[in-house]
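Next come two complexes, and both contain subunit A; in the first it sits with subunit B, in the second with subunit C.
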Partner chain A sequence: MGYGLLIPVAVIVFVIIGVPFINSIYLSFTNKVVGVDPKFIGFGNYAHIFSDPEYWKVLKNTVYFTVGSVSFKLVIGLLLAVVVNQAFFGRGFVRAILLVPWALSGMVSAITWRWMYDDTYGIVNALLMRWHVISLPIAWTSDPSIALISVIIVNIWKGLPFYIFSFLGGLQTIDSQMYEAATIDGAGKIRQFFSITIPSISTVISITVLLSTIWTFNSFEIVYLITGGGPLHASAIISTYTYEVAFLQNQMGQSLAVAGSVIPILVLLIVFSMRKLGKDD
Partner chain B sequence: MMALALAAVLLLAGCSSSKSNSSSSSPAASNNETKPADTSNGSKEKFVFWDKGEAAEAYNKLMKARVEQFGKDNNIDVEYVVVSQNDLKAKLLAAIEAKNPPDLIVANDPVAKQFIESDQLVDTSDIMNKIDFTDAAKNIAVTSDKFFMVPHSLQLNGVFLRKDIWDQHKLPIPTTWQQLYEDAKIVNDPKNGFYATGLPLGASGGNDAENMVRDVIREYGGVIIDKDNNVTVNSKETLEALKFIAKFWQEGLTPPASVTWDDNGNNKAYLAGTVGFVINSASIYDSLKKDNPDLEKKTIMVSRLGGPIGESFVATGNVFAIFKNGKGTKWAKKFITEFYEKDFYNNLIEQVGGKYVPVINGTMDTPFWKDPNNKAAGWLDMTKSIKGSGNYPGPEDDLGSKAQTMQLATKAVARIVVEKMDPQKSLDQLEQELKQLYGKK
Partner chain C sequence: MILSTRMKIRKYAVLYGVSVIAVIWTLFPIYWLVKSSLTPNRLMYTPKPKLLSEQWTFSHYQELFHETAFMGFMKNSMYVAVLVTVISVVISVLASYSLTRLRFVGRGFMMKSIIYTYLLPVAVLFIPMYVTISRYGLNDNKNALLFVYPTIVVPYCCYMLISYFKAIPKEMEEAALIDGCSRLQTLTKIIIPIASPGIAVVSTFAFTLSWNEYLYALVLTTSPSQQTVTIGIASFNFGDQTIWGLLTSSSVIASIPAVVLYFLAQRFLKSGLAAGGVK
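What follows is the complex of A and B.
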C-alpha cells in the first residue's frame, strides 16, 4: 500500500526530472545542433572535449572557484556567526545587514559588482587610488590572473549569509552550561571553540558545506554577468562554458557532453550529502 | 545537473517572450495577394514577429503600431515581441528546438545567416526581385548566391572622438590607425581615469570587436578568406595587423577591462567620459543627446580610419528573416513587402535619427539626408568605403558568419594581449581554427 501511494510522486519526478535528464545524456552522445535531427556518434563529443585544453582549463577553474569560494565562506561564515551570536547593542540590525547579499537578486548583485570592478569608472579602483593604495587601476575583470579571484570574491559575498545563518541556528542550540563548565575547568575561548562549538555544530557545518558546494559548482550568473567567463576562459566555469558551447557555437551535443562530464562529481556530492543527512536523522 | 539546467533553459526560453504585445481587431478590406484570414471557425490566424530592441525608442513604437495596423487590415492576431539583440540567438535556438519559432525576425545579418545551414529560413528571392534594393543592401542579404533574408536597413559604425581632448593637445583629427596610435600615446591619462581609446576585445558573441579586428586586418592588406574560398589568413600583412592592434592594450592605451567588454562596453565607457575614441553605431549620439548634451558638443564623428592600404570595412545591417516552421509565414512575406512603403519607411529612418541607412534606391534623395546640419548624413558617405560582408573578398556564406560570431580573429588578438602569446603562434592557431571551421586541410 505504502509503495502504491508513492507511484504518483515517482511518476511526476520521472517525467519532470528523469525524462529530460535521460534525454540530455542521450543527446550528449549525438552530433545534435539546433534544428537538425541528432545522429548517434558514440563517445565522439566526449573524446573531443577531453582532448580540448580549454575544457581542462575550465574544469580547473571550476574546482578553484568551488573550493576557493566554499573555503572562505566556511571560515568567514563561522567567525561572523560566532560574533552575531553574542549579545551586543544593535545585534538585530547587524544580522539584518548581513542578510542583504542573500536577499538581493543574483543579476542585480552581479551587474552592480561589474560596475564596481570597472577599471575606468568603478568605485573599487577609485577608492584604492584615492587612498593611494594603488597608482594605476587594477584590471579586476580582465587580468587573467585576477579575473577568477574577482568572481570568487563576489560569490563569497553573495553566499556568506547562508553560512552565517545556518551556523547561527546551530550555535543557538548549544547549551550555555557547557561553556560555563569548560570555563570552570580552565578552558580558554579558543579551546572552547574547538572543543565545544565546532563538535556541537559539525552536522550543520557538513550539510551547509555540501549543499553550498553543489550550488557553487553549478553557479552561473555571477561569472556570466561579471566577466562572461573571459578573458579567454580565464574565469570560465563549467556552467558558463556549457552555455557558450550551446548558444554561441550552437553545438548542443558537445555542450551536453561538457555538462554530462561533471555529473559523476555532482552525483558523488549528492550521495555524500544524502548519506550524511540520513545518518544524522 | 548541468544537463538538466540546459534542458530547462531550452524549454523555458522556448516558451518565454519579452515585451510581447498581442492584439486583434475587426476585419478590414484588403486588396493584396494574401486574402484576409477566414474567421468562420472563430479562431484567427496569427502573425508572430520578433523585432530587435532598438536604443532609439521611436523605432519600436513605430514598428509596433505598424504591426498592429497590419493585423487590423488583415483580420489576424499579431504578436509583436521586442528582443534584445544579445539574447536573440539563444531565444531563437530554444524556440526552434521547441518547434515554435516566430514567423519573422529582424536581426543583425551575421546572426540570421547562421540559421541557413540548418534549413530554417524561407527563400526570399521573390521579395528581393520585387523591390529595388541598393547593391550594398543586397550584399548583406546574400549567402552563397542565394537570398534567405531581406535587407531592412544598413547599420554602419562610425568613429566618435573627443574633439576637446584632441584640441587641448593641439592634435589634428586622426585619419589613419597609425596616427590614432601616435595621438593616443599623447592624450592617454590613465592615472586620471582617462584612456585615449575604447577598443573592444571581448568574446561575448557581439560584432564590435570582430568587425574592428577584421577591418584593421583588411586595411593592412591581410585576406582572411580569398575569393576562391581559401583560408589565406596566415600572411605577414595579417601578422602586422594583429601586432599593431595588440599594442593598444600592451601600451595601456585602452582600458584593460575592454578584453571582457560586450557590445555595450565601449558605449558605456565613452558616455562615462573615460575614453576618447570609440567605433560604434549612432546609438552613442542618441544617448549623448538625451543624457549628456555637454559631452555631445565635445564629440565629433569622423571618417573611418585607414591602414597602409586605405579604408575598408564590412557592411553589416539589419535583415528580415522568415522561419520555415512558423505558422504565419505568408503574413511575414506580406508584411515585408508592404514595409518599404515610401512614407512609412522614410519616416522610420528619420525617426531613428538616421542611424539606419536606407536600403532602397531613391530613398536617400530626401531633405533629411541633404540637410547640411544633419550629422547622420555622414553615414551615407561611409557606404562608399564598404568593401563587402564578413567573408570579403571570399564568397559570403553561413560559415563566414559563424566564424565572425565565434570571434576567431578577436581571440587571436586577445591571445597576444592576455596570454602574451607570440603573435605568429596566435596567427597559426587562428589559421588552424578557420581551416577546421571551413573544412579545409
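What follows is the complex of A and C.
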C-alpha cells in the first residue's frame, strides 16, 4: 500500500521530469536544431559556448545578479523581520502588507516596474527629478551600466517577503528570557542582536539564503520582461540567455549546453540545502 | 523614569519610521499599477505624471474586456490552475501519508528524490521539457501544462504536507486502527480533518504557483486560444506607444485571484520555513 500511494509522485519525479532531463543531457552533446534529427557531436556545444565571450559575460551577470539580490534581501529582510517581531500598534497590518509582493506574479511585478522605469513617462525619473536627485532622466532599462541594477532592485522588491516570512518564523522561537538576562547583564540592543538573535536563527538564515540563491540564480521573467537581457547582454542572465539561444538563434543543442553548464553550481547549492533541510527535520 | 520614557519614544520612532518606509516601498509600485490602470491616456503619457490623478477612467478596462482576448487568457489560467491544484493536492496528500505513516523499503530515497525535485529549477528544465512535449505533439496545447505544472507543484506540496502530517500524533490513528478502521479510513476520517488548515494553505500556494507560472507557459503555448494570462498579457504589443493602459489594467485583474486567496489564507498561515518556500 505504501508503494501504491506513491505511484503518481514517482511518475512525476522519475518519468515526467527524469526522462526529459536525461534526454537533454544527451541532446546537449548533439547538434539538435528544431525539427531536425540530432547528430552526436561530442563536446562541440560546450566547446562552442565556453569559447564565446558572450557566455562568460552572461555568467558574470548571473553571479552579480544573484549575489547583489541575495545580500540586499538578507540584510533588509533581517532588519524588517526584527522590526515586525516587536510589539507595536499596527504590527499585524504592516506584516500583512510587507508580504503582498509574494502573491503577485513575476510577470505583474515586471510589467509594473517596467512602466515605472519608463524613460519618458516613468514615475521613478519624474520623482527623482522633482526632488532634484537627478537633473537628467536615467535610462533604467537601456543604459548598459544601469540595466542590471534595475532588475536587481525589482528582484529585491519581489523576493523580500520570503525572507521576512522565514526570519519571522525563526525569531518567534527565541526565548524572550534570553534578552531579559542580557539586558540585566548590560548588553545593548546591537550587542544582543549579534550575540543572541543571529546565532539563534542561523539555521533558518542559511536555509533561506540557500533556497533563495537557487531561485534567484534561475529567475527569468523579471529580466526577460523588463530589459530582455539587453542592451547587448548587459543584463542577460543564464536563464534568459538559454531562452535566447534556443528560440531566437534556434540552437537547441547549444542552449541545452548553456543550461547544463550551470548544473554543477546548482548541484552544489542543492546538496548544501539538503544537508540543512535534513538537519531541520 | 524620564530616561526610560525617552528611550521608549526613541524605540517607537525607529519602529514606526522603518515600518512606514517599508510599507511605502512595498505598496508604491502596486498603487502606481492600479492608479495607471484608471488614468486617461492624456494624463498618463506626460513627462511629469501626477502622484494623484485628477481624473479617473474605466476606459482601459472596457477596451480590455471588449477588444482583446483577455477573458480567454483568464479562462485558460483558471482551467489550468484549478485542475493542477486539485490533481496535485490529491496526489500529494496520498504520498505524504504514505511517507509519514507507513514503513517500507525505499521510503527515505523517495523522500530525498522529492526534495531534490523541489529544488530543481525550471530554468534548467524548460528546454528539455519543451523538446519532450513537442515530440509527443502536445506543444501549443494548454493541456500540456496539466502534466508539466505538477512537476513544480507536487514536490512543493509534499514538502509542506509531510511536516504537517508529522506533527499529528500517531496515537489517534492507532486507536482508530484497533477499533477496526482501515488505513484509508484513518486517512479520510482522522488525518485529513486534522490537517485541513494545512491542506488549505498548501492548496492556496499550489493555486498561486500555477496561476503565476511564466516560463513553461511561455515555451509550451503559442496561440492565444491556448495561452494563460501571464503569457497573454505580456504578448500585448509592447511596440505600441499607448499600450500601458491595457498592460496595467490586465495586470490588476490577473492579480486578483492570487491576492484574494493570499488574504483568505492568512489566518491559517504560521510563519516559518514549513509554510514558506513559494518560489
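Heads up, the rule we're going with is that the second predicted complex is superposed on the first by the 267 of 281 C-alpha atoms of A that agree within 3 Å, B and C clash if a C-alpha of one lies under 4 Å from a C-alpha of the other, contacts with A are read in each partner's own complex, and residues count from 1 in each chain.
What we mean here is this: a contact is a pair of C-beta atoms (placed from the backbone, for glycine too) under 8 Å apart; a residue touches a chain by one contact, two chains touch by 3 or more.
What you are looking at is a predicted structure, and each value in this text was computed from that prediction instead of being measured.
Visitor: Report for A:V33: first if it touches subunit B alone, second if subunit C alone, otherwise both or neither.
Guide: The answer is first: A:V33 touches subunit B but not subunit C.
Visitor: Look at A:V108 in the shared chain and tell me whether it touches subunit B only, subunit C only, both, or neither; answer first, second, both or neither.
Guide: Only subunit C; A:V108 stays clear of subunit B.
Visitor: Does subunit B (first) or subunit C (second) touch A:G2, or do both, or does neither?
Guide: So A:G2 only meets subunit C here.
Visitor: May I ask you to name which of subunit B and subunit C touches more residues of subunit A?
Guide: C
Visitor: Return first, second, both or neither, reflecting whether A:L266 touches subunit B, subunit C, both chains, or no partner chain.
Guide: both
Visitor: Touch test for A:F247: subunit B only (first), subunit C only (second), both, or neither?
Guide: Touch partners of A:F247: subunit B and subunit C.
Visitor: So, does A:T197 touch the first partner subunit B, the second partner subunit C, both, or neither?
Guide: Neither partner.
Visitor: Touch test for A:V84: subunit B only (first), subunit C only (second), both, or neither?
Guide: Second partner only, subunit C.
Visitor: Once the shared chain is lined up, is A:I97 touching subunit B (first), subunit C (second), both, or neither of them?
Guide: second
Visitor: Applying the document's definition of touch, where does A:A234 land relative to subunit B and subunit C: first, second, both, or neither?
Guide: first
Visitor: Name the residues of subunit A shared by its contacts with subunit B and its contacts with subunit C.
Guide: 17, 20-21, 23-24, 118, 120-121, 126, 214, 218, 220, 238-239, 242-243, 246-247, 252, 255-256, 259-260, 262-263, 266
Visitor: Which residues of subunit C touch subunit A once you look at their complex with the stated criterion?
Guide: 11-12, 14-16, 18-19, 22-23, 25-27, 29-30, 32-33, 36, 44-49, 51, 91-92, 94-95, 97-99, 102-104, 107, 110, 112-117, 119-132, 147-148, 150-151, 154-155, 158, 183, 208, 211-212, 214-215, 218-219, 230, 233-234, 244, 247-248, 251, 254-255, 258-259, 261-263, 266, 270-279
Visitor: Quick one: which bits of subunit B touch subunit A in the complex? Just the residue numbers, please.
Guide: Interface residues on the subunit B side: 1-9, 11, 89-90, 93, 96-97, 114-115, 118-120, 190-191, 193, 195, 201-205, 252, 255-260, 262, 269, 272, 274-275, 405-406, 411, 414-415, 418-419.
Visitor: So in the complex, which bits of subunit A are touching subunit B?
Guide: Touching subunit B: residues 17, 20-21, 23-25, 28, 33-36, 117-121, 126, 129, 135-137, 139-144, 147, 214, 218, 220, 227-228, 230-232, 234, 238-239, 242-243, 246-250, 252, 255-256, 258-260, 262-263, 266 of subunit A.
Visitor: What does subunit A use to touch subunit C in their complex?
Guide: 1-6, 8-10, 12-14, 16-17, 19-21, 23-24, 27, 32, 79-80, 83-84, 86, 88, 90, 94, 96-109, 111-113, 115-116, 118, 120-121, 123, 126, 130, 157, 160, 162, 165-166, 168-170, 172, 204, 207-208, 211, 214-215, 217-221, 225, 238-239, 242-243, 246-247, 252, 255-256, 259-260, 262-263, 266, 270, 273-274, 277, 280
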